[in-house]
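For reference, the structures are reproduced in the following blocks.
Here come two complexes built around chain A, the first alongside chain B, the second alongside chain C.
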Partner chain A sequence: MDMSQYLDMFLEESAENLQYLNDGILSLEKNPDEKETINSIFRAAHTLKGMAGSMGFTDIAELTHKMENVLDKFRKDELSVTSDVVSILFKCVDALENMINSIQEGNDDKFETKEIIEMLENIQSSKAAININTADEKNEIEYDLNDYDKEIIKQAKDKNYKIYRVDTTLYKDCVLKSARAFLVYKTLEEAGELIKAVPSIEDLEQEKFDRSFSIMLITEKKIEEIRNLIMGISEIEKVEVFEIKNEAEAEAAPAKEAIADTSSLENGKNEKEEDKTNKKSHQSIRVDIERLDKFMNLVGELVMHRTRLEQISIDLKKTELHETLEQVGRITLDLQDLVMKVRMLPIERVFNRFPRTVRDLSKELNKDIELIIEGEDTELDRTVIDEIGEPIMHLIRNAADHGIEPVEERIKNGKSPKGTIKLMAYQEGNKAVIRLEDDGKGLDIEKIKNKAKKIGIETDGMSAADIKNLIFMQGFSTSDKITDVSGRGVGMDVVKTKISSLGGTVDVISEAGKGTAFVIRLPLTLSIIQALLVKVGQETFAISLGFIEKVINMNIDDIKKTNKKDVIVYRDNIIPIVRLSDKLNVEDENSKQKYVVIVKVGEKTAGLLVDSLLGQQEIVIKPMGRMLQNLKEYVGATILGDGLVTLILNVAAFV
Partner chain B sequence: MPKVLIVDDAAFMRMMLKDILTKNGFEVIGEAPNGLKAVEMYKAEKPDVVTMDITMPEMDGIAAVKQIKAIDPNAKVIMCSAMGQQAMVMEAIKSGAKDFIVKPFQPERVLEALKKVLG
Partner chain C sequence: MQIVIFNLGSEKYALTTDIVHGIEKMMSITKVPTAPYYVKGLSNLRGSIITIIDLKTFLNIENNGQEQNIIVVEINDERAGFIVDGVEEVVEISDDMIEKVDDNTGFVKGAVNFDKYIVTLLEGEALINR
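Now for the complex of A and B:
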């Protein structure tokens, strides 16, 4: 549904502005005197405030408002940028992030901000806070009262009635404004007697007004009651109620000490700013991701049916049909390409939060760490982008905590005291690669071996690379002490699970004393793949071509046993054999001649034993649905040309 | 949980509204496809608030508001209007509707209207 667009946009833009805040504060810390940086932080806080105010998230609005006050002091050189102040500003950003996340999860923006706000207030010298409603707010609406109106006002006064002027502003995107205005003055009419409206009632009814109007009212009720009545109507942005003491005052714009909505002026300014940026960025539009998902799904269906049609056309042997289908095939291919590209986003979105992470970590761990980011414009599928942040974050924390040594140790070992973490992304064939390197102490093979022994894994005969990859096993943490940052023994396996659930792989390469590198390989797209169809017994399975190195035909007697494991020797390489029939509980065919599909997952190779090959086909991955989601052996299912539902093997689960 | 009666002749719109409401802490105690049925259900169920479509067969939303208001002067009815039904919305407000929401529905607007009407 596209109904939640309003909130979605708020969330999205808030996220953007939070990022500006984060980036800005980071560079402010480095160059405290850069006025342009302060301005950009100020703008981001201001925009956030305006948006949150209009959405009714008062806590966010208040916090950003307080931030603005502090930032304003920077601008005016009344306050200098110190590390303490920057830390507090970062805390604010974190709090804002929490609040926005909470909204995203469907909760409200309530968050304990008192402490932070106090800190902010302490920063400011005791000078009075900046007054938001300054003199430049001017009320345009002026009443032109005739003698009759004045007489009514006078009489009402004499009878101790109150006279109010009620200024109402509707939401910017309010539709059926007349009806809305009608609802307002109908409500007021029930509370008292209307004297006059600006614009006139007729104009209001004919929608001859922008979104503000003012009504003068005689009533016995209190200011607050009137205000609450109007606020009880939906799509009202702001109501101001002023009491009018005498006829002379009635015509002039009232004094501003009355109840006023604080965010109003800021909103006004904000809209102007937004208008400006809108003009610039008209080449792109925001589309709800759900629509794209649906689009993707439909294209998927189309590909599926095309495959079916092709099957039928082959059976029918009709040239015309075949030719047309070829055309359709080309178009679907283009369509597929296009929808894939539309869903791609630069990985920058994920990467740009890490400078902050590394900064915080180096403070926390008392290490000097520099983060170098490369290839942030590499594009990946939106789904991957959404999911990959967490595992990378985990790896960065690990690198900072366990990888990079303390400064003294680095100096002792003749390394530069400053540790470096390098985060790179690039495209490699139909895969995207994310590489995270640190120049720390590297993995300790002996430690891993010991740990492996403790939890009952035999490491004899394993290559050094395989041993290092053990760190991805469940419950495997070699850290002696658990720190706040990492080393809780959960984690690396979670990293691996997450990445394989995205159809990717992760490997570790490490050299003692020199550093560690994690290499994550991810598919560029998730839902349409080239697959090899194989048969195990009576069952058909699909294997993504992305993993397949080779397929060889062999006799079952060629399988040898070493270390209680089945292997084959192929071109001088020992390849472990995975009997799919055992793993999947399928009865295999009782023949000697079998096929081995050699797959490579990251640095690891294995041979999957199957009975026969059915050929290569483009398939659409359909997720398994919630009930079957914990079946690790499959990434999903697909429907083949002949209508048969086939399971797609999760190769990473077998290797 | 506030009890809501949804009145709309389109099952799709009812489903959509129901979805928005149930996800946000409202209880949908009934759905009526026309004004006649709505009045009947209002009597039986006494909902806290009614969302009322305007154009419906049998009995339209405006007539239904009038009848419901006659039964219960404190009834809280929110009109569901499409663009271009301004005059009818005003008519409905005159007849006692408390607020209105405009199709296509934006969940936050729907919720705002309901919450405000319920005070």
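Now for the complex of A and C:
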């Protein structure tokens, strides 16, 4: 068994604990006297230390240990929380994050921590008190020895070997329990021969134990030696070693006076007793995302073949087959629903790093900014969650840098000196909406127009909303100066590209002097979608129903021209027409009767002109190879019931 | 190493077998409008979608309508199919049989001289990563 299999777990849990640290320190800054906060930071640091120690990442363990020492002073009221201390703690968290990232990238955890450790040591001028904790629990583990085991014990006795029973108790908050247990029995195995373990070695490996386990060992070594060996492993709360004189005694509970328990010298173990009933409340398991992806792909394939079967069934016209297929259809639908839900995560995962970002930004920019988060329990597909953080981060940086005015300016304009950035998530139909608002100065239309003119875009005749949306174009930064925070002119188009790659849209709404809002709309689920199949000339394409407002049948002569652009008038609305045949270089059918698929992308509406409709179908989006990935006209391809590959149009690219 | 020899127009070409995933008959190909000129389209290879490249177009060889096979290659988890006129055979060669040739395209690994004919050994990875 090697440690690498624990690495993923370690990384994931480290990320969680780093988040706890960040959150904790943030709230500590606001309420310096909150004991519970200090405790939670302490716990996170402690857990990290333990995990890092067990994985052999000594630098992380050392830094967190030093953090613990400082935090311990807070708990004992020997130190008070100042903004300096908070900054240093933040620096520690950043350093830890760097180290963990470095591990994730396959490097070691070496990182220049000397400076930070010195800072920590300065805070904590006196040596940390050593807190000896006398544990009061005794383990009453019963061994169930069979005749064979007894025989071994007897033989060992005859050969003058000693038989020990080693009872080990791990820390209450030990995270990698099985790794710990592994280290313990590995160490014992090197010292002698293991006869029995309670719970069994298998259960220990699978973490099927609380935090105590007992191992029976035949060895030549002394009690003290064995105990010291085990105490050398970190996160061990207590080890008891008893000598067993005869096989009858082996089965009984050990005599109490055997060895006084040795408590570890780790300080700060006086965490509250965890509520035992709590244990069952989290009925969840961690699953490797790859397995979920595989699961998802398999369900996708099932859906594909079901569609195929349905096609065959229609051709065969057998009622029995049809009925069975309907059942299969229902089950696949449920299965699909389930796998989607399994992959969904609350957006909290993304949002919870932003309070820290905003705090740092307000320090850096010398502005007073408050971040309000709402709807963080809105759920999105894991893929979206993984990707959406970066664009939101860009938008927040922009809002803080360009949106929110400096304090003096805000006061002059009669606004509250404190700027507000509001980050909201909510569900709207089959879309998830993320809305980021600031109460800053809003977009300057004139500035955008000037910039547009400079890079050769004609803005005459464009609506104000369209002009504002120009900021998503490449190389479009209206900021006069480039700052560290934003304004390099790469941000906004990156934001848009990223969001469209997730099948979403982004729009900007802004009112001068009042603020700016960015509205991101994302599909709730990816991979399996309802689509309309259309024909343009000889080619078939799929269009996601998520974008389709309406489909209308019309005569080609109804298309009118305004300002050299094709439009139709539908229910008193003027809708621009996009001739897909032109856009895709496909020869269209030479008929007068056409269909217009009216699509809505964000705030924009357009009509896609197609030759005919082939009906609605559930399709599985499959990515196209790397060679075709930069074609922006398609979001991917799918395999239809007849086995043919069909392209899925990226509606946003045409509107 | 093993190479698979195939025809493109009047010449013989080859790919090393370590990147060859399989050899298929011609299959139906869905055109991808707006794709690069040498991409013939997409095909369904037993449930997964692969990009099909017209190797003759790619290498500037005149099209003769003799396409018979698709050689499916897999490089860095990316699968693609090359349309060829017909696969001849798989032969074992040694490294020293590969002669360097003047090539500024980067698609050619070298030439192998088999007395009766000469085979141009192509660099599969370069073809896919273009």
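Following the convention adopted for this analysis, the second predicted complex is superposed on the first by the 488 of 655 C-alpha atoms of A that agree within 3 Å, B and C clash if a C-alpha of one lies under 4 Å from a C-alpha of the other, contacts with A are read in each partner's own complex, and residues count from 1 in each chain.
Note that a contact is a pair of C-beta atoms (placed from the backbone, for glycine too) under 8 Å apart; a residue touches a chain by one contact, two chains touch by 3 or more.
Keep in mind it's a predicted model, so treat the numbers as computed, not measured.
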Q. Of the partners chain B and chain C, which touch A:585 in the superposed model: first, second, both, neither?
A. second
Q.
One more residue to check, A:9. First (chain B), second (chain C), both or neither?
A. neither
Q: Considering only the touch criterion stated at the top, classify A:643 as touching first (chain B), second (chain C), both, or neither.
A: second
Q: Quick one: classify A:235 as touching chain B (first), chain C (second), both or neither.
A: first
Q: Would you sort A:182 into first (chain B), second (chain C), both or neither based on which partner it touches?
A: first
Q) In the superposed arrangement, which partner chain does A:627 touch: chain B (first), chain C (second), both, or neither? A) second
Q: Determine where on chain A the residues touched by chain B overlap those touched by chain C, and list them.
A: none
Q. Which residues of chain B touch chain A in the complex?
A. 16, 20, 23, 81, 83, 85-86, 89-90, 93-94, 99-102, 104-109, 112-113, 116-117, 119
Q) chain B touches which residues of chain A in the complex? A) 1-7, 106, 175-176, 178-180, 182-183, 186, 205, 207, 231-235
Q: State the interface residues of chain C toward chain A in the complex, per the touch definition above.
A: 28, 30-36, 39, 41-44, 47-51, 53, 78-80, 128-130
Q | Residues of chain A that touch chain C when the two form their complex | A | 301, 304, 539, 584-586, 622, 624-628, 631, 633-634, 637, 639, 643-647
